[in-house]
Amino acid sequence: MPKETLNAAEVREMLIQVADKIIESEPILSEADRKLGDGDHGIGMERGMNAAKAKLDTTEGEPLGKQFMSVGMAMMSSMGGASGAVFGTLFRNGGKALGDADSFGAPELATFLTAAADGVMTRGGAKPGDKTMVDALKPAADKAEEVKDASLPDAIQAVAEAAEAGKDASSAMRATMGRAHTLGDRSIGHPDAGAVSVSIIIGTMRDYVMG
Amino acid sequence: MPKETLNAAEVREMLIQVADKIIESEPILSEADRKLGDGDHGIGMERGMNAAKAKLDTTEGEPLGKQFMSVGMAMMSSMGGASGAVFGTLFRNGGKALGDADSFGAPELATFLTAAADGVMTRGGAKPGDKTMVDALKPAADKAEEVKDASLPDAIQAVAEAAEAGKDASSAMRATMGRAHTLGDRSIGHPDAGAVSVSIIIGTMRDYVMG
Amino acid sequence: MSSIRKLINDPLKVADELVEGLVEAYNGECVHVGQRSLALKNIPDNKVALLVGGGSGHEPIYHGLVGRNLADGAACGDIFAAPPPDIVLEATQAVNRGNGVLYLYGNYAGDVMNFDMGAELAEDDEGIDVRTVLIWDDVCSAPPTQKHKRRGIAGLVPIVKLAGAASQEAKTLNELEAAAKKAVLHTRSVGVSMSPGSIPATGKPTFEIDEDKIGLGMGIHGEPGVSEIPMTTADELTPMMLDLIFKDFEDDEEIEALKEGDEVLFFVNSLGSTTMMECLIALRKAKELLTAKGLKVYDVMVGPLVTCQEMAGISFSITKMDDELKRYWDAPCQSVCFSKMEGRYGG
Amino acid sequence: MSSIRKLINDPLKVADELVEGLVEAYNGECVHVGQRSLALKNIPDNKVALLVGGGSGHEPIYHGLVGRNLADGAACGDIFAAPPPDIVLEATQAVNRGNGVLYLYGNYAGDVMNFDMGAELAEDDEGIDVRTVLIWDDVCSAPPTQKHKRRGIAGLVPIVKLAGAASQEAKTLNELEAAAKKAVLHTRSVGVSMSPGSIPATGKPTFEIDEDKIGLGMGIHGEPGVSEIPMTTADELTPMMLDLIFKDFEDDEEIEALKEGDEVLFFVNSLGSTTMMECLIALRKAKELLTAKGLKVYDVMVGPLVTCQEMAGISFSITKMDDELKRYWDAPCQSVCFSKMEGRYGG
């Protein structure tokens, strides 16, 4: 049964599910990074999500924004690397923007993703089209703004599809920054590893909401 | 047609044949050394025999003892390693003992090999049974003394067989010195690389004499 | 491709354990700070501090460059991952002596973001004056007009060496920053690779390359280079690599082309399993070509100093020397990564 | 097994070319002598000379140990082959300053025979006074009662370092011989290997070992050790290796067992493709065990100094220090293989 809104406990449960899914996806993520980067993206995300889970063990009862922020802080201080900074920022800035909201519905999804995308773009300087995780995150945030008056299940479905489509679109892009930029045209044909992570994160949020 | 004695020109020709045969045998010799040593015996012998051939290009007309000595000097100064010292000594001491002999028959074969074996044993301290090239060289020298009144073809046949048998016998020995000594019982079952070289050298001399 | 067997314990703890080992290698000269950082034990009061850092797995750099007349400390990340901001902050606090801290590290997105966050924490929360100089010596990673996109590779060793000596004299953060910037501007590198290193946690190689190919211009994690060429000899490859460096000095408007009489420091680095034998054979040819161009080799470095596990490959780095840089170079130094007596070879 | 691709030119000329490269690495500090030797340019008159040498292919040793406060010269053989007598003679003549020459090299049949022949030529034809000290630090290669059968492995680096410093003070060949003998007697090593190096000329590995085995006690050319054990962790392997060294000090009647309060120099060597990361992880455990035994670590060395091409493996060497050896150790030194400032880490 799809959930119409999430409370803090459910957000926490959802984030544990996200963490487990990312940990399980380590080989796919590392493989994607092997094509365009240094092959460690899955390892880093696994490390970050293990730290996030450990942190979530201690956050029961905290507001939902804090749940997201805790994941971000745990990732930021355990991972390092490009993705420690960008995924840490994603969850931290997104969670911070939620303030003391006590229910997570379609409007909060938009608030979360927009702040996340802005934070990441400010931190790392990447714009859409640079072939980074921004290419999955930014379309997801834009879609979330578009559907913020829909129900949470409808909104998260649309947003997860946008993230997925953004990840797929990153395949066709030419890297212009980061490790892959020296590949030039040879970077075309593989999705960005961080974009794959974004699509898994949002896809798992969708799966949780849809029940 | 077997040759009853060799003159200096024939000795020179025989040594070129020996050199070619050893060069051709590089892979076998290196493989034997890989089992018990560091895998470079063939490379070293090839280097030495190439130097010997270059030297033999300049020795036309010199006495036959000098032909052997030239091979020894060329090996000694080009090869290095254990085999540079022992094979250099083999040819140098053997050749020196021939003095100004102008024909090489069964008695000279004995003189050559006995001096060669003595020289090598003095230089390296190995005794028969230590699983070194001495285990092919010493039986060959002893056999040569035994058959020194036979014809050169008969003598070299017997001597080559003794070298071959000595090489084969080295398989069953336990190494007591050199790189293989730490193998202990595990050294049993492989012939010594230097003994293989000795049997090839004397075997090729036989082939030359037998025509 | 089969997994590489490494002599380790828990594959996920290699970075922590190697830093613990590194502290032991320093035998009391350095202390272990916070999670995974090193700092010299005796940093004088008021010294302008030099902090380096980056991902682990490239040993002996970066953390092996902490030492006498070298860096004061290092912030170490996990394998191939920039150190998180907390570690940067801990290291910054440990080396700060009240006169500012210069961050000097390789230009990678992950490092820049994490060090910047660390700097923000240090400045905002601790009032420590932080300045950053990025290392971008890899001329194959972007044209000279886009240096902000260039990677930092093996040239970091002479750069940190020079900056470390400069930091002994520097009175202000400005002075040290200027010296470090000069060392960076004067240092250019080109790397090649024949086969990848592997990540301890996965046992998987960081990239793939045909058995009979050389990646020209590749980075120290196996980042792509400018092209793949057929496997060739040391004597054929050496001029290709040098020409890329020479051309960069020519094309870059910020520095003069290398010309007859110029003095250079020359560094041949092995990326891991390429032997010193091979490095020396390449050096032999390189020296011939440098001399033919009229360059004077002020000093030479050679060895596996910036590695990527068992990656096969080498890099060349050229630092154009002037009197100031020569004075910094001549200072002795001592660390796990690189040590020298006063002066230079043949000097 | 597939051939290893190396960055070389003619596979049969690697030894010659690497020595040429080495001379360039010294940038004028060393000269190329005769066929394939190196000698320091400025050896003082009357100095008791120290000559090292052995087969090539183990870079940076032996020839990389020529340098300030180190060896005066080196006689280099082809890959894994002792130098021929002529080369030994040429090197001997190059370093001789009229006060005798000490040969210090690893105990291998090939080296002993060739250096002895070289010494005979030097003594008989040139009237040079030559003395020989053999290095036999590998405790796994024979029991302490049969040291003449032991191999010389990585312990040669601290031994040459100590002897090099001693040679600066020695007034006579006797004095230098005594110091070198002491350094040898005090130094014991154990090596292990996980996979072989290959010979450049053949591309073939020097030995075979199962993928999941470690050869305990193996030599630096892949000579057999005392046993093969299943692949294990750094923390499991480290005590096995240390115990073999401790036991040797106990069993050998020529030296006292290591006991609480003794000071030791500890060296972790990589045999080639084993990374510094792994060496440091092993060092971490070793330091814990040395400390638990009550030993004081006087100083630490770590790195790929005695290699066998891309062989994977490490060795530990322990040198038991006393005041004389500490004084030799503290002297600075500079070479392609090993350099240090005055003193010691943490000192």
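Order of writing sets the chain letters: A, B, C and D. Residues in each chain are counted from 1.
Everything below uses one rule, namely that contacts are C-beta pairs under 8 Å (C-beta built on N, C-alpha and C of every residue); 3 or more make two chains touch, one makes a residue touch a chain.
Just so it is clear, the model here is predicted, and its values are computed rather than measured.
By the document's definition of touch, common neighbours of chain A and chain D comprise C.
Touch-path distance (fewest steps) from chain B to chain C is 2. Centre-to-centre separation of chain C and chain D, using mean CA positions: 28 Å. Here the CA centre of chain A is 33 Å from the CA centre of chain C.
The distance from the centre of chain A to the centre of chain B, each centre being the mean of the chain's C-alpha atoms, comes to 74 Å. In chain B, there is no position where the chain touches two or more neighbouring chains simultaneously.
Among the residues of chain D, none is found touching two or more other chains. Taken together, the touching pairs link the chains end to end in a line with two free ends.
Chains that are in contact with each other form these pairs: A-C, B-D, C-D.
Touching chain A in their complex are the following residues of chain C: 12, 55, 77-87, 108-110, 113-114, 117, 140-142, 149, 199, 201-202, 204-208, 217, 219, 221-226. Across the complex, chain D is touched by residues 2, 5-9, 14, 17-22, 24-29, 41, 56-57, 59-60, 64, 68, 194-195, 200, 211-212, 231, 233-235, 237, 272-284, 287, 297, 299-300, 302-304, 307, 309-310, 312, 314, 332-334, 336, 339-341, 344-346 of chain C. Of all residues in chain A, those touching chain C in their complex are 27, 30, 34, 37-40, 42-44, 47, 76-86, 123-124, 177-183, 186.
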